[in-house]
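Take this structure first; my questions come after.
Order of writing sets the labels: A, B, C and D. Residues in every chain begin at 1.
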Amino acid sequence: MSNGLALLSIFVLSVFIGFEVVSKVSTTLHTPLMSGANAIHGIILIGAITVADRAVNNVQLSLAIVAVVLATINMVGGFVVTDRMLEMFKGKPRKASQTGGEK
Amino acid sequence: MSNGLALLSIFVLSVFIGFEVVSKVSTTLHTPLMSGANAIHGIILIGAITVADRAVNNVQLSLAIVAVVLATINMVGGFVVTDRMLEMFKGKPRKASQTGGEK
Amino acid sequence: MNRNLYDLLGLCIAVSFILALKGLASPKSARRGNLIGAAGATAATVLVFFAPQEISQSGTATASGHHHTLLILLAILFGVVVGVPAARKIQMTQMPQLVALFNGVGGGAAALVSIVEYLKLGSAASTPDVVATVFTVIVGCVSFAGSVVTFLKLQEIMTTRPVVFAGGRFLIAGTLIGVLASAAWVIHSMGNTSLLVMGLLSLLFGVLFVLPVGGADVPIVISLLNAFTGLTVAASGYVLQATLLIVAGTLVGASGTILTRLMATAMGRSLFSTLFGAFTAKPQAAAAAGEARPVKSGSPDDVAILLNYAQRVVIVPGFGLAVAQAQHTVREMADLLTSKGIDVAYGIHPVAGRMPGHMNVLLAEANVPYEQLVEMDEINPTFPQTDVVLVVGANDVVNPAARTTPGCPIFGMPILDVSQAGNVIFLKRSMRPGFAGIENELLYDPKTTLLFGDAKDSLTKVVSALKNL
Amino acid sequence: MNRNLYDLLGLCIAVSFILALKGLASPKSARRGNLIGAAGATAATVLVFFAPQEISQSGTATASGHHHTLLILLAILFGVVVGVPAARKIQMTQMPQLVALFNGVGGGAAALVSIVEYLKLGSAASTPDVVATVFTVIVGCVSFAGSVVTFLKLQEIMTTRPVVFAGGRFLIAGTLIGVLASAAWVIHSMGNTSLLVMGLLSLLFGVLFVLPVGGADVPIVISLLNAFTGLTVAASGYVLQATLLIVAGTLVGASGTILTRLMATAMGRSLFSTLFGAFTAKPQAAAAAGEARPVKSGSPDDVAILLNYAQRVVIVPGFGLAVAQAQHTVREMADLLTSKGIDVAYGIHPVAGRMPGHMNVLLAEANVPYEQLVEMDEINPTFPQTDVVLVVGANDVVNPAARTTPGCPIFGMPILDVSQAGNVIFLKRSMRPGFAGIENELLYDPKTTLLFGDAKDSLTKVVSALKNL
């Protein structure tokens, strides 16, 4: 199998996984889904690091370094804000439903 | 990426697809699921044809031909019986629910 | 054909199989999905004859080329001639057998493919290839032999009881060790004798593995073997470098795994106890049938009267319905009741019958609209509002012992809670217990009426009694 | 590091992202899933410094090796220092902006990566590589520029109204043609000037594309751009031969596509009309606010009394709740009512607020247990048994015009059917309509009471009135 075809197969299979998995996401969590998916594409960071690492002149290097900064903001910020949101959904309900139980 | 790793990636992704897709199958259709999945593994037929085609002696050829016969039975029989079952689930309900409507 | 195009088409065919399984999400799209899968499989079969040379390449280049095409086409034709009529004529009650058989031949085919490929590669085979071959041959042979035994059991060509003999478990363990040892031998020596020994031991293991499984546990084994065959096909795909086989095999592996787990859960037991239960179980006292306690047995007329004055009737079909082939008669009765303005539904337990979803197929065959088939979780809350429950050849799935008797084989299995209804009618032939072999207290309940006899006969009588009312 | 091991770890990281999304199936597993994803991403970042030589290979072999490691680490540190506080401090009402911004920088990064790779490959690039580069640069630049504009709109740094000017649509079409033409030029010449031109035109197109979109349609655009950025990352993965990027990018692409479609459907309009509606729409008469028809407006005490004697209250939060930051006050009131034995639930419309699921996040922030958040389809049948519906800063999502007035912008959008309830209370500041800019008949309904004022103020007053009762 040629390399291109292997990558294409991986792409096609990922499309199916994406649709199947995401369509199961609880509607309550659509905002975290948006920010979580957003964080995931921050993985372009590894692409940015790779090209920065092998930059051969200053133009390439500076563009790549900008890419590293942007991608890091995307990735780290995305995961942190998603975690912050999901933290609000977790644990608390138990406490709160105890409150509900008090009545 | 090495060929082995590409195949491994394809395998891993397929595992996810399999679990996601199958866990969405309506429980009403579990018997057709069993026979349909069964039919799908009949696709080993193409493996059997490939090895039969390049068999270099009679031992190889006869084993491969047996494999072709078995795989064909598996594949064709599987799809036919699944279709027969699914036909019973399709269309009829509409007729029958009209019957229900008569009351 | 160009290699890239060929692989691309292979990918499309793999997608068609994914779509086939996706279709099964609803009865509406299921048939179309299956046809897409079948079209994909057909296309794959045609396509392989136009495979690029690199794929049909051979170890010894001399014999390459499409010399055996005619022979192969004849073999396919023969397979079609055998497979299609079998698939057309089989009765829906015999589905488990048929699936077992198809699964077995699939596993056998996968093993043969790997063997031939191995013979051809000879010493040119790389270690990963040999490992994959060993896996395929072992699992394929186990699947083949195991499926044949399950088929024989289900067809009642051999006893459906667990076959256990002294030292059985040592023999199994010994065979397993033999299989593993010969596998190491194959990987080490790459010889043909070792492969032959390994194959034979695997076949033996397949037989020994299934023998101790009781008749009604066999479907679980079939599903497990189905998953195994899927993995075998995926492994062949690795050896043959065919993405299509990898995807297809893995999908089957996943579906088999899910169904196996589901059946085991719905039966309230672990997979392990299903497979090896016969070795550890204290032989049950075969539930001294028909003991002296009084039961209320009724005539078809009594049953007809009960039904006739009900507002809501739930029919609970079970394995006995399949045995008696009573699905059409049940539907006739239900239609009659509906025409009298009575509300009729079917309560379907996930493991009623002998395959998951088996009852749905049987009732669909009898044209029962699938909207009337209500799943356990949905029907259970409605029993208190139900006047009459008609249990047709079911037993374990309504046995309250699953809730009340810790330690009994079905304890913990979720059941249809029919005892909540006003009246319960059992159609069965005797006081014998169901598959799990345990007494059903509900048979002695004051609100229970028993109508003895073959389910189809009894129902026919009830129908004519209903017509005369 | 060995190439195979490296790729294998990459596969594991891809799996961690799949698990992260799978976790979101339920609030219980969601946080763990996100942490798995974050761990995977961290591992990937560490791992890439140990990439095998073939991957860190360079066009001109001389400069290869890890010369820039320190610089890269500093850049990462800088990114962390910028990103983390932003993510920590942002208010939940501002989530759409933040997501837009993160999305934009991600798209920009992807475009830059492709540009650098392209510069380095020079004439050694193969045509598929160039095509993928062109795709990444175009979509990445559009995503970057578009996201920045959406951010400016949402932060209200610029007007939230659609920006339409004469000839706008010709300018957009012209720019698009320019982008495509320069793309062809890049593919043909493989030069740097052409790439620069293409990049600039793409940035311009991104700006022009988002300008005419109205403030509240912006979330749809963000979601669309999110999907685009995902595909960009996948395309970079193709250029860099990194499975991980392909899988991750595709997952994001799928999720963005699904969310976009979902929002468009829940708003009852097509994606096309969202994006290009401003060009074709007849300018709406800005819904002559506060016309002469009589409405029943009440005091906080009136509202408190209505609530106090209800058995069941449903709170319908909307965009105004977010604007007023009233989520904590709402919860305080709901707790008070609950402690009085009143049954309280929240009815959540899928597009209430400005992002899908936005209300859920806001209310979760205020510690409202998510079991109390009831989706539209589930809450609608309960309105007839509801005594009081308290509409807090919502308008369009309860506007009966969606059912009754064919031709109005929200016609066909499913709504919360609050008019079925005994009493409806609206908390809003004026008679101005909601986002869709259409009159809400329900405001004039005899069973409606209006409490004018900022939602937070009004609620605070209602709470103290309730305490005094």
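One rule holds in what follows: a contact is a pair of C-beta atoms (placed from the backbone, for glycine too) under 8 Å apart; a residue touches a chain by one contact, two chains touch by 3 or more.
If you're wondering where the values come from, they're calculated on a predicted model, not measured in any experiment.
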A-D or B-D, whichever has more C-beta pairs in contact: A-D
For chain A paired with chain D, centre-to-centre distance based on mean C-alpha positions, whole Å: 14
Centroid spacing, where centroids are CA-atom means, of chain A and chain C in whole angstrom: 41
Inter-centroid spacing, chain D versus chain C (mean Cα positions, whole Å): 46
Overlap residues in chain C, where contacts from two or more other chains coincide: 18, 241, 243, 247
Multi-partner residues of chain A (at least 2 other chains): 1, 3-4, 6-7, 9-10, 13-14, 16-17, 21, 24
Pairs of chains, among all present, that meet the touch criterion: A-B, A-C, A-D, B-C, B-D
Residues of chain D defined as touching chain B within the complex: 3-4, 7-8, 11, 14-15, 18, 241, 243, 247
Contact footprint of chain A on chain B as seen in their complex: 1, 3, 6-7, 9-10, 13-14, 16-17, 20-21, 24
Touching residues (chain side chain B, partner chain C) in the complex: 3-4, 7, 10-11, 14-15, 17-19, 21-56, 59-61, 63-90, 92-93, 95-97, 99-100, 102-103
Contact set on chain B toward chain D in their complex: 1-2, 4-6, 8-9, 12-13, 16
Chain C residues touching chain B - in the complex, by the definition given at the top: 17-18, 20-22, 24-28, 30-31, 34-35, 37-38, 41, 44-45, 47-49, 51, 55-60, 62-64, 66-69, 71-72, 75-76, 78-80, 82-84, 86-88, 90, 92, 95, 98-99, 102-103, 105-106, 108-110, 112-113, 115-117, 119-120, 128, 222-223, 226, 229-230, 232-234, 236-238, 240-259, 262, 335, 338-339, 341, 348, 350, 355-358, 360-361, 364-365, 367-373, 375
